[in-house]
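Below: a set of structures, written as structure tokens.
Here chain A shows up in two complexes: once beside chain B, once beside chain C.
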Partner chain A sequence: MQTEASWNLGKLLTVLVVVLTGFGVLPLFLGRFQVVLVTEALILGVYALSFDLIFGYAGMLSFGQSIFFGVGAYTILYSFKGGLGLAVSLLLAVFVAGIFGLLVGSAIVRIKGAKFFLVTLVGSILFYLLALDNRWLTGGSDGMVVPTVFPGLVENYYLVLGVSLTTILFALILVKSPLGLVLKMIRDNERRAGLLGYSLKKYKVMTFTIGGGIAGLAGGLYAYTSGFVSAGFFHWTRSADAVVWTILGGAGTVVGPFVGAALLTVVRDTLSAVMGNIYPVVVGALLVLAVVVFPRGVFGLLERAVGNWKGGSGG
Partner chain B sequence: MKDSGTSLTRRSLLKGVMAGGLSLVAGGFSSFLGYSNSPITIGLQAELTGGLATYGYWHLKSARAAVKRINAEGGIDGRKVRLVHEDTETDPTTGSRKMKRLILKKGAEFVIGSQHSGVCLASLPVSRRFSVPYFPIGEATEITGSEGHEYVFRLNCSVEAHAEAGYRWIMENLGTSWSVVYADYAMGQSAVEEWGSRLETRGGRIVGKIAVPQGTDDFGPYLQKVDPEQSDVLVIILYGPDALACLRRSAEMGLSDELALFGNTGSVEALDINFSGAEGLWSITNYPRRLKGTPDELMSVNRDFRDMVGINPWGRGPKGRIVDASHFWVPWEVVNLLKEAIEAVGWEGNRDHSRLIEYLEGVNIPGSLDYPQGDKYIRGVDHQGFHSQYIQRVEGGKLEIETELPPEYSEYKPNADQ
Partner chain C sequence: MGETLLEVRGLSKRYDGFRALKKVDLSLQTGHVKGIMGPNGAGKSTLLRLLAGELEVTSGSVVFAGRAVRELSVDRTSNLGISYMPQRPSVFPALTVEENVRGAAQTSLILNRTEDEPSVKTLLDLVGLGKRARVRAVELPFGEKRLLDLAMALATKPRLLLADEPTAGVDRGSAETILGLLRDLSSPDSRGDFGLEGLIFTEHDREVLFEFPDEIGFLHAGELIVEDVPEQVKRHELVRNYLADQRNFEDFKGDGGKDA
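After this line comes the complex of A and B, so read on.
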């Protein structure tokens, strides 16, 4: 007789095989520019996921993710200039951005509420201004070219897909682990978690470090695939992007940030092709809609739809 | 009797069949290689929204006019030209994506680039990755220097070329002690380095370098740092509204009475300078705003060129919009240069890019309707173009050309070998 656990495992494996096969054969059905867009959406999904760990799971509304994204991107630039290979450079991007996450997190996690949001926002503005002023190091607003060898669009896609899936797997393990459960407790009832003896600061700093490292990975991948970096990578609007993608896609879920990033990448490209920079206006409207009509994001909507369907078919 | 007229002999029939067969084989082979009589697609990366939207507006008009003229005259090697464009939104990340869109989605075989140096730098890797010749308009020296590559050609002057021509003229005509007020971002910082280092090498002196954030309304606190006793010239390296605000305030503070004011190429670009603060301002430009400033021998072709783009002799469009005179001619000339190169090397498709690149390296371009800005050449080693520049002055609310600096005047030591 089949147990419920083996039945769930079977379903999970089926979903995994379908998803992997789908993404694996996707380039066969896409145009070359669409491959570029999907690759970019995956990278931005990884970036949004880094914010989701901090906000969706640990409850900290941070506008500082662009700091780690920028640090990761510039780490790739300088490690390539130093002659390091791609794998080592990406690991270095995770490590260096993680260290920045640790330092920033240690300094600010005790701050609460609106002040926390403002401090992280000011932090990203500060890093942007520093990057802008130190042109010798960052190239300023004009930026710098990353000395990479281009392997090809499809090769880039598979690289990014592999990294994204690994990150998703890591995040799934993390959020199901005791650490993830503690983080959710902190998010839902911080006082209670403290009374139960958990060190809030330690867990929050840990989340900031992991989130910083993943944002650095996304920044590194972005710099590698686009071939350039600029001070703009630190701009606070890039932090805001991660917030929007996550809320729209579904905060507190591992897949939601990817859904949000993919959706808005398509929206941005479509709008930008016909109407110039109207994208921010539309995104603002979508965000308001998301918060009011479907607060659990697009992924929440999908989950509800699947639940209703199962309920309907079961009844 | 042998009929040499129209009668069909076995030999002529065989010849005809062979010729027809050969042309079919050739046609099939050429279409197998991807060559055909399909249109040649030229992409334009333009700033149609954002901070440099004024430039993009004119670049698009200029490119469209060039393509319209070529198509009306039979196209390039009998093939029509198709212009596709994308808006960079004056943002490097968006600009890089739009470059990919132009190449991968719209099939651009050549791309004429953005005015924004950041967009150009972000697009250089895209041009190299997809082996597409790229003609950026942005002026950062690195574009044809440390970051340039074999597919990149810039027809217009770089920041370094402006500095090379401008600093000598200022030293010889206005003075050797400068105060510099500059835009505190990449373009301004780069320009102040180029201008300042040259001045000091030749024994001049920078009295003060005053960095001003973009979007500054009140220049009073910054201009108070200028010491008129020590300075001969106030060099203004600002762009758009910032330059206007600076000029207004310097007039109010009486600086324009005590010092000569000199602006970089962007300081009066596309701006209405008919106000008292701008009076007497010297500046450097690639091309005169007003038709009467163009060289006599090119006056007639420039009249036609401006008519085709839709610019009147005073440098304004139909709705009174002022042209970005220093750069709007570039897309027109690049389209014509592509026609010249494609026809010269028999370019049929992307596989012929190497021959086209060889042709462009070191090409001499004589002034004509195709090249109304005037004589120029592209230096083979770094693919940087050199052409005349002009020193102009605001007199009675109008930009009057004072002198023409020949192409050699701008030439600087190459920074790279492409």
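After this line comes the complex of A and C, so read on.
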């Protein structure tokens, strides 16, 4: 046990150094446009991770994640308008979106199965329509410009990288903690988790709160880096994006959602440049492939490949 | 001794229109073991699940250690010290055996109910799954799943354990481990180890049934026909018929039944 733990720590440190160095020097090799693309992929990875906590760990298939993304984005807008700085504004986005997570979670926590999925979908459609209608607040579909001074694309990239790594670290600690174990128990077998004394309601609402806060962080970063917010931030297809990226990348892993988000951001970008609007078709095909061929996602596939290559058992 | 741990009065349960349990009165003294028998569909599981707070009581009262628990949700009931081991294996399939037990054991830690959380290793060794700690629960054979079920039920440090057919369908080796444990943990001299103050279990196998409980209850079509010491219960006419039917059925199967 002892040696294994230290081996794991060694492995973790190696991975950390490689990843940090890799991402650290990345802008040196990329054009301006690609830096923007990677920045976007990282933000969407954070967003997908927020969904993964709710789905991959606590087992709730929610289509409501765009609600919190949108709330975070508009929080940044108004926070900037109110003259607050970036750090405070981002924290505010986490906080406000977390409150929305708490409220939405409390409202829907008792609903189960397919109904849960439908209710959350209807919820995100509702928020979108509200955002569309209340132009005075949101700017409707035309949106609003986020009043901020950009320090520069590469600076933004490093900011987003830092926030992403912090979020990953937080998520890793969370899922390895006793709380993380309870979430996995609820995902695996709700009935027994309840029989063993865990309040399903409490833990589910807690997950929604945390997931809401992280989605708000992603929405805030997105609004800040793109300099623009619109009602479209609430659109339910954005919720669907998080679902697709996470399942494709590997639900129930912390890195999977980033892999999925990065992959599809690049695919979308390349495809739309080459042949217009076949992105949905490709995504559909990839999803089917993901579910049938590698149910643990691209990350699970990579993990297994690395495991085999090391002669280990994978997993 | 002599104190009442559980007191059930007029407990009834309706599923839609169907009356699955009819005005059951039952009590358990601290330190006692009660076996519940009865044909399929008699209401045994319904009774245990009502006591565990998993089902909503239609009418009647349940008092545990002086507290009315009828209105409590299942997690609250569990937190008070009533632990239910369901009739079918109910494990966390994607988690390892060790994680299953750790997850169960940490409830008592989170709740601060006990000073020292039962050690996961102790529990695993107790049920003989020490070597299987890293296996995912989904991969365990049936008997080991039941052993894991029991380890989890005990991990919450219950005062009252409700075990629903703990040995049904289980291989002989695992069944012996399970029964041995139930017997040991509920015997007065080793009770201190886990702090178990009472045990109620359901069972079809009469060998097991008449072996170690202090009292036996016989449920039939939702009614508790008789509840007494084993010697008395054996004499009751309906029980005799039931046991004879069971024996005929086993003879009919031609192999003594159990290890089919």
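The working rule: the second predicted complex is superposed on the first by the 309 of 315 C-alpha atoms of A that agree within 3 Å, B and C clash if a C-alpha of one lies under 4 Å from a C-alpha of the other, contacts with A are read in each partner's own complex, and residues count from 1 in each chain.
By our rule, a residue touches a chain if its C-beta (ideal position, glycine included) is under 8 Å from a C-beta of that chain, and two chains touch if they have at least 3 such contacts.
Since the structure is predicted, the reported quantities are computational estimates derived from the model, not experimental observations.
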First, second, both or neither for A:A273, with chain B first and chain C second: first
Touching partner for A:G227 - first (chain B), second (chain C), both, neither: first
Chain B versus chain C as contact partner of A:V36, first or second or both or neither: first
Which partner reaches more residues of chain A (counting touched residues only), chain B or chain C: B
Which of chain B and chain C A:V145 touches, first, second, both or neither: first
Doubly contacted chain A residues - partners chain C and chain B: none
List of chain A residues in touch with chain B within their complex: 31-33, 36, 40, 132-133, 135, 139-146, 148, 150, 153, 226-228, 230, 232, 269, 272-273, 276-277
Footprint of chain A on chain B - complex, ascending: 48-50, 86-87, 89, 91-94, 96-98, 100-101, 104-105, 117-118, 121-122, 124-126, 128-129, 140, 142, 147, 184-187, 189-190
Interface residues, chain C side, partner chain A - complex: 52, 54, 73-76, 78-79, 83-84, 86, 90-95, 99, 102-104, 106-107, 109-111, 152, 155-156
Complex interface listing, chain A residues touching chain C: 178, 181-182, 184-185, 187-189, 191-200
